[in-house]
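Can you keep this structure in mind? I'll have questions shortly.
Just so it is clear, A, B, C and D label the chains in written order, and each chain counts residues from 1 on its own.
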Amino acid sequence: MTRPSAIAASALPAGAFRTHARVRFGDCDPAGIVFFPNWFVMANAAIEDLFQHRLGIDFHALHAERGIGTGFVHASASFMRPGLMGDDVILTPLIRRVGGASYAFDLHIHRGEEELVRLDLVTATTHLASRTSLPIPPDLRAALLRYQAECGAPASQETPA
Amino acid sequence: MTRPSAIAASALPAGAFRTHARVRFGDCDPAGIVFFPNWFVMANAAIEDLFQHRLGIDFHALHAERGIGTGFVHASASFMRPGLMGDDVILTPLIRRVGGASYAFDLHIHRGEEELVRLDLVTATTHLASRTSLPIPPDLRAALLRYQAECGAPASQETPA
Amino acid sequence: MTRPSAIAASALPAGAFRTHARVRFGDCDPAGIVFFPNWFVMANAAIEDLFQHRLGIDFHALHAERGIGTGFVHASASFMRPGLMGDDVILTPLIRRVGGASYAFDLHIHRGEEELVRLDLVTATTHLASRTSLPIPPDLRAALLRYQAECGAPASQETPA
Amino acid sequence: MTRPSAIAASALPAGAFRTHARVRFGDCDPAGIVFFPNWFVMANAAIEDLFQHRLGIDFHALHAERGIGTGFVHASASFMRPGLMGDDVILTPLIRRVGGASYAFDLHIHRGEEELVRLDLVTATTHLASRTSLPIPPDLRAALLRYQAECGAPASQETPA
């Protein structure tokens, strides 16, 4: 594991999707900073927002109606700066890879220009009922590739981990 | 990132500390499996148990009385098998590295012999009030090294990532 | 305990503060509905929003800088309809009582016109360091009374529990 | 709403079921005390333990296999004393009422002899698929009544709210 270098918010691709969150009192621990698992909770909400507002795929219907799971097979985070209660943060998910039955995001969390957290999230698509691997559905694949193209070549992809 | 290979519970060092958790209804998501950030919550509780029951360091006093933070600078998890509500799981934290102002755990979560999740948790010790780096306190360092020795050379360290 | 009767969203005072939340995948349990403690988490966030956007009191500074706690002494919820993942809900906090060192909210959560949850939240102001009771600070008291007046006499107060 | 009076742990019925929890770092907020929704999370886990260890009803199978929901229609808590990280607490659920399609618990949370939180939890049994009311299944009803009898007439029931 190598620690990623922080990227300024403005250095991320102009075409990237961005969503906001506010660090709540209840997100923080006795040290007064975000309890680390809550960054993953916020990241998951950002992915839901991306699906709804940019990919045009109903994340909830995907699970509840189509029976397709998008569970993580890997999730990692590097914590660069603590998040404090009351912080307004910006979450920017960028697609790193679209495979056959999995795809990967880099997700950046910034407060202003300052990167607080960098996440690496690898999702595998599954058939929920049988919990077996499923190729990425065509509509989701097309949407992921379109979004990846809209982001161009982000700074974070120039030096792949 | 390479996916780790699952290790049977019985292949972990005999001298390792183990603690238990029960997957609760509220830990699970609409897919019926553990919502992934909750694995990090359980892992953090296991580290607290390790401190109390094996290291002999009061995790809570460390923060509340001594003003020393043990915040994560990195946390990652590979999800191998889903956890289901009602599962009894065993959490086994193994020390991978003790540095000057940081230390790293591999934490294995098993259901019976089957590994469900492997976590990689890197902690940096800090002065809580100033949020600046602090060398690992001598009592904690000694306890970490003693525990590492008690574990011998775990299988997970033979093939470092 | 008597079950409250649902109130249509449009029957709440026109001058009331309203904030939004989206029910997330991770808020829901294996029954596919909001895991009940998460309604309290959302309600707490709504109170934070009220403080910031309507009362003009910085909730976070109140705790972190002024050392004043606004802990609950009582919290109750009646669950009328389940919340489902993807639901957009509206949270409307109404002040029921402003006392010497405590105040009480009725908080309504609606999906469209339909009330899902009614909460009753009683807060006591405290000196955080000593955890002792503290009269409501004058600026907070004035803001609470002003907001209560702006709401007029809400339907929920005509038939007190 | 009347504030309940604290009851010493030893004044609760000798035959009552008791389970333990440890207040974790991540359960606490920047005020250093349990973030109040987490008391409800702990209470729900205690009910699961009661089902498994005393009632002999598999809470998880009830949901996952039998398709029966035990959702709350009401949940309230009076917070008497703050819980601090590291606290070992004892949770004692007592049945207050067994109705046709609902049942109610008083749940006491103590640290030593000192009562920290008193909860009032009303559950309605439902058919999960249709989300409609369902009479309490006979095996669950018998178990609830048997447990209620084993508790005798607890102090908390002598002066009903």
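Following the convention adopted for this analysis, a residue touches a chain if its C-beta (ideal position, glycine included) is under 8 Å from a C-beta of that chain, and two chains touch if they have at least 3 such contacts.
Since this is a predicted model, take the numbers as computed values, not measurements.
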Go through the assembly and pull out the chains touching chain A as well as chain C.
B, D
Counting shared numbers against all numbers at the contact of chain B and chain C, is it over half, same, or under half, different?
same
Most remote chain w.r.t. Chain B, using mean C-alpha positions, is C
How many angstrom lie between the CA centroids of chain B and chain D, rounded to a whole number?
30
Dist(centroid_CA(chain A), centroid_CA(chain D)) in Å evaluates to 37
Roughly how far is chain A from chain B, going centre to centre by Cα mean, in whole Å?
24
Quick one: which residues in chain D touch 2 or more of the other chains?
25-26, 30, 32, 37, 41, 44, 63-64, 85
Can you list the residues on chain C that touch chain A in the complex?
22, 24-26, 32, 41, 44-45, 48, 58-61, 63-64, 84-86
Residues of chain A that touch chain D when the two form their complex
25-26, 28-30, 32, 35, 37, 85
What residues on chain A touch chain B, complex-wise?
1, 3, 30-31, 33, 36-38, 40-41, 44, 63-64, 69, 71-79, 82, 120, 122, 128, 131, 161
